[in-house]
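First chain A sits with chain B, and in the next complex the same chain sits with chain C.
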Partner chain A sequence: MINLLPLIRNECLKIIKKKRFYVILLILIVLVPMFTYAQMRIAERSRDKFNSDWRLEIQQQITDNENSLGSDRIPEEWKSYRRIFVQQLQYYLDHNVNPNEPSGVTFTRQFLDNSVSLFIPLLIMAIASDLVSGERTTGTIKMLLTRPVRRWKVLFSKMTALLMFVSLIVLSTFIISYLISGLVFGFKGFNVPVFTGFQISGDTVDMSGVHAVPQWKYLLMQGGLIWYVSVVVALLAFMVSVLVRSTAASIVVMMAALIAGTILTNMASAWTTAKYLFMVNLGLTGYLSGTPAPIEGMSLSFSLIVLAIWAAVSVIISFAVFTKRDILN
Partner chain B sequence: MNDSKWTWRSVSLISIATTLVLITGFGYAVSDVLFPKGDIPLTSLPQATPAPENGAVKSFKVVALGDSLAKGTGDNTGNGYVKNTVAGLAASGVSAELLGNMGINGLTTAGLQNKLKDAGIQYSLRQANVILLSIGGNDLFRGADLLQNGGAGNTPAGSSVGTTGETGTGTKPGTAEGKHSGTGTTPGASGEKETNDLTPESLLAALPEAAERLGKILNTISEINPAARIYYVGLYNPFGDVQEMLVPGNQAVTAWNNAAMDIINRNSKITLVPTFDLFNNHLDKYLSSDHFHPNSDGYKRIGERIVQAIQ
Partner chain C sequence: MAKEMKDGSGTVVLSVDGVRKKIGRKWIIDNVTFDVREGEIFGFLGPNGAGKTTTIRMLVDLIRPSEGKITVCGYNVNKDPEKALQYVGSIVENPEVYTYLTGWENLQHFARMQPGVDEARIAEVVDTVRLDQRIHDKVSTYSLGMRQRLGIAQALLGRPRLLILDEPTNGLDPKGIKELREFIRNLADGGLAVFVSSHLLSEIQLLCDRVAIISKGRVLAVGGVDELVARNSPYVLWELEPFDKGRQLLAERPDVILADPAEITLDDSVIAGMGPNSLITIMDDSLIPEIVAVLVMAGVEVRGVHKINPTLEQLFLKLTEGETID
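After this line comes the complex of A and B, so read on.
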């Protein structure tokens, strides 16, 4: 235990010195203004159209969605999605709460809802995929393993450092998107109510559990779920990085899996066993906001368990392989 | 060395603190999603009607309500009579804006009665000073859906082009009564089979009840917003080009329009905008390829009519 802490410290410093974390911050600082600008244009347009009365806008949105429900050309799954959406909008409208109250906090909430299943995992990969395979690519792994330290301790220190940075990445995504969008939309909005607790069964939404949550608390809960997703993705990427020798290959493997996930969530509702794949389960924040799950039979506890199993298996594989494998060349 | 000591300290402290916060949030989230406690906030939409503007600066705030005609189905420019009306008003130099178009394809009078109970619809109506309404066509020609579908099947080229990408008339939800009924999976399948033949009797059968509902609808709207002017768009006979449907269709539509006129004459805030004469004998010019809805020229004409009625 005594010599574990210096190892973790060493790994943390390596991550910082390699400037991977700065790259992530840079990506956020470049991309978030783009999303903010796009959001601003949308807000401007609807302000022009609806006389800056959000209630009219929501009512119009409800009507438009109801109209598309009548169309035969729209697949059944989209229809049930829209039916649920309409019911939620109606709930917001009936209770005089603007679901899109423009503010930096609202932007952060929506941005994170959208980025949980692809964008944040990609940021995590930037650090995780390199952690072991990077040492093998450069050959420094031999230096590391010739020291009188048990191999599992080396791997454990790497994993701990990774988990520390996962938290930092989640935190900095929140902070950067709040600060940048706040410049445009204003920094207020922490106490705006957000509804949560929509229980979806089939086409209908059970409103009995719906309650208002102040937005700061919603962000906290969202952060927790995103953190869970990020940890799972980090551990998976970590395993791939142990298994694969080159960093490039390791990034490609994970990226392919993640992108396959987004494609599958868009079309896999017919193939129900796909729900056991980890990448379909990444959208945990959808359970909070009441978005219907991509595949029938998925629920928060189901997704949490599936993700936990994937994470646990990948940790086991990582340690088993890393402690046994011969380091050649 | 000192430098890295500080980075390590700050990184480790911040990350541990963050992790703890995030785990707390995770706990909150899981318990919140798994065991939600309903607590319904008691706020509701503001009930006040905005004060009517004093005469000098006249600006029209338009809200449209009703069936596929209000929505503009059949108009391949997507305007419908609603946008044409607003554009026409704006062209004549008064300021006019469209606050919302609540037209829903296939809405019947019964469906509209339900819609009017929605707080959001009521709110929209209260913000307006001009309310455009078109309803009744689906009550009267309900049986016509089947005829439509048959006809469209025979001429596939004609049926798919003109409609603006949403629906034809063939997809009226049988349960137009509202969004809360999750049963609209096979729209209209039930209601249509019963009335295979479009006879004058079947057309007129629905009329008394539907006319009564129309009266109630108009009353409800003027109760919701007593200050607004309401313009009801009368029906036309879309089947004038079908030989055996010409006379019974005309009779039914005229009966309906008379009934509507009867109701409307009792309230000075409501105006009936006739369309029957516009379309009579000009169906090929003003009807879209689904042979039921107006095309963009037809909507333009209706829009002109409404502008004349408003001014």
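After this line comes the complex of A and C, so read on.
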């Protein structure tokens, strides 16, 4: 009888030695400064324009958006999105809180918001898509499965190692973006209030549930949701990696699904059954900041449940296939 | 229809009983039965595509048989892999190890997957396969022969009672092949049962005690290697001058059959050595001295006489009575 711990240790060791995790860190270290720089330019420009008065800037944004509502060329869906946006900005203005207070923490919050549905899932795929198919591509699966260890234990150890690294990726994304943007915007800003709890129905926003939370608390909630999304994506990619023999194919399948998700998010509001697809439910943090859901009828709990079902099914399929399948080559 | 020709002695380590495997609608393995006993080297001989690798994969639970039973030391491989595979060390096809790890890290990795293997045991097998010089280098820098040795080290790690090697001499140079043979013989002398697959009869002849011959998913014969080979009348290659007279003398003898080179299959090395004055006979090789004397007395110069080892194909022709392999 082989304990699971040495097996998990093996899998973690292989992920580290394969240098996949370093590549992910490297990507973050290269890309985050680029985003930080872009953000810095935006901040500089608005400072020149509005003489550092954020109230003027927000007022200008509200006016711009309201003006565009009168145009016939803009589709109805965009208009309702803008109406909601205007109401939220007005709320910030009324309560004298700058939603874009420049700081490392604010940057991190916005960066995480933008990366939850595509960027972080891509980083996760770098590890998850290779876990099983990588062993099949190189043939080492034969060595792995001819040891006196039950197959479910091998798969379980891989899955456990994966979830550990997923957590590590989410954590590193946060830390790296905070450290790098902090150098530019300052490391303060954990106690700046952020409003959450906007209830969106149609194109009006119900403000009754809105309350301010300190930014650190907001980041924690956001982190939890991002971790949840990441785990679901990891388990899906893991299943594809079990089903498909080559790593390349495994990555392509998951990429296609994720990109399809972003495309659908932008156009599928008319096709309501698309809300049961996992890819359109990845923007969990949008519920926190009050971004309207891509499809009518989606809510935080709805998305959480849909994602949980997708994850559970992929775990079941992974184990069922892996423990039964003949390794023919 | 397997013909049992010789019974070895010793306890049975591996027992394969009536194993069949269906993939799609085709039976790719159709009734394979044999036993491997401790201390013997068992050859598994067949052309490429006969089902050798599929059978080996079934022995180590990579493929589940559709019918039949495989037991190692009394444990069913498919029902109780945790117990049965404890006694098996194997290399299936190529020795595929993690190239981004060092040899040592690879062995540690596999040591963690079986009970009772500590660092001292790892050092011991490294020593056995003589990899101690390079064991801490990345496997990606190893030659094929070194990877082969690392694969064997990995297979020996858990002190197996059965060692399964799939075409172990593939990619080795003649010196490496010879070393490997001696190495395997030593292991068997120590009581290990060794199962070796090959598509080369000569290799099986040099290495194995007993052999099973497989073709198209069926075991054609199981028996001692020497008996199996001896059942074939060997070919004899003659080089004579003057050729026509010599040929006539040979043709006159009732105990010699002249073979038509177009109809028999020969190794390329033999064909390359055949001159214009060469011919091939099928005959008992004990007749050679007598016939040489007859030829010389008649004034025919005997430039050369060669016994040609039977090829696997000849063996098949014999076993299947004319059914060719493809």
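Quick note on the criterion: the second predicted complex is superposed on the first by the 327 of 329 C-alpha atoms of A that agree within 3 Å, B and C clash if a C-alpha of one lies under 4 Å from a C-alpha of the other, contacts with A are read in each partner's own complex, and residues count from 1 in each chain.
One rule holds for everything that comes next: contacts are C-beta pairs under 8 Å (C-beta built on N, C-alpha and C of every residue); 3 or more make two chains touch, one makes a residue touch a chain.
From a predicted model like this one, the values you see are computed outputs, not experimental measurements.
Three-chain overlay on chain A, with chain B and chain C fitting side by side and no clash. When the two complexes are overlaid on their common chain A, residue A:Thr196 makes contact with chain B while staying clear of chain C.
Residue by residue along chain A, chain B and chain C are tallied for touches, and B comes out ahead. In the overlay built on the shared chain, the residue A:Asn96 is in contact with chain B alone; chain C does not reach it.
In the superposed model, A:Leu220 makes contact with chain B only, not with chain C.
In the superposed model, the vertex angle chain B-chain A-chain C (Cα centres) comes to 150 degrees (nearest 10). Within the superposed three-chain model, A:Arg47 lies out of touch with both chain B and chain C [touch as defined at top]. In the superposition on chain A, A:Gly209 contacts chain B only, with no contact to chain C. Contacts of A:Gly139 after superposition on the shared chain: chain C is touched, whereas chain B is not. In the superposition on chain A, A:Val149 contacts chain C only, with no contact to chain B. Shared-chain residue A:Arg245: touches no atom of chain B or chain C.
Contacts of A:Glu66 after superposition on the shared chain: chain B is touched, whereas chain C is not. The minimum CA-CA separation between chain B and chain C in the overlaid arrangement is 8 Å, rounded to the whole angstrom. Applying the stated touch rule to the two superposed structures, the overlap between the chain B and chain C interfaces on chain A comprises residues 9, 13. Residues 9, 12-13, 16, 50-51, 53, 55-56, 58-60, 62-63, 66-72, 76, 79-80, 83, 86-87, 90, 93-97, 163-165, 167-168, 170-171, 193, 196-197, 199, 202-204, 207-213, 217, 220-228, 287-288, 300-301, 304 of chain A are the ones touching chain B in the complex.
The part of chain C that touches chain A in the complex is made up of residues 23, 57, 60-64, 81-86, 88, 90, 92-94, 96-101, 105, 109-110, 112-115, 154, 158. The touching residues of chain B, when paired with chain A in their complex, are 4, 7-8, 11-12, 14-16, 18-19, 21-30, 32-34, 36-41, 43-46, 61, 71, 97, 99-106, 118-121, 123-124, 127, 166-167, 170-173, 179-180, 182, 184-185, 187.
Those residues of chain A lying in contact with chain C across their complex are 1-2, 6-7, 9-10, 13-14, 17-19, 138-140, 142-150, 326-328.
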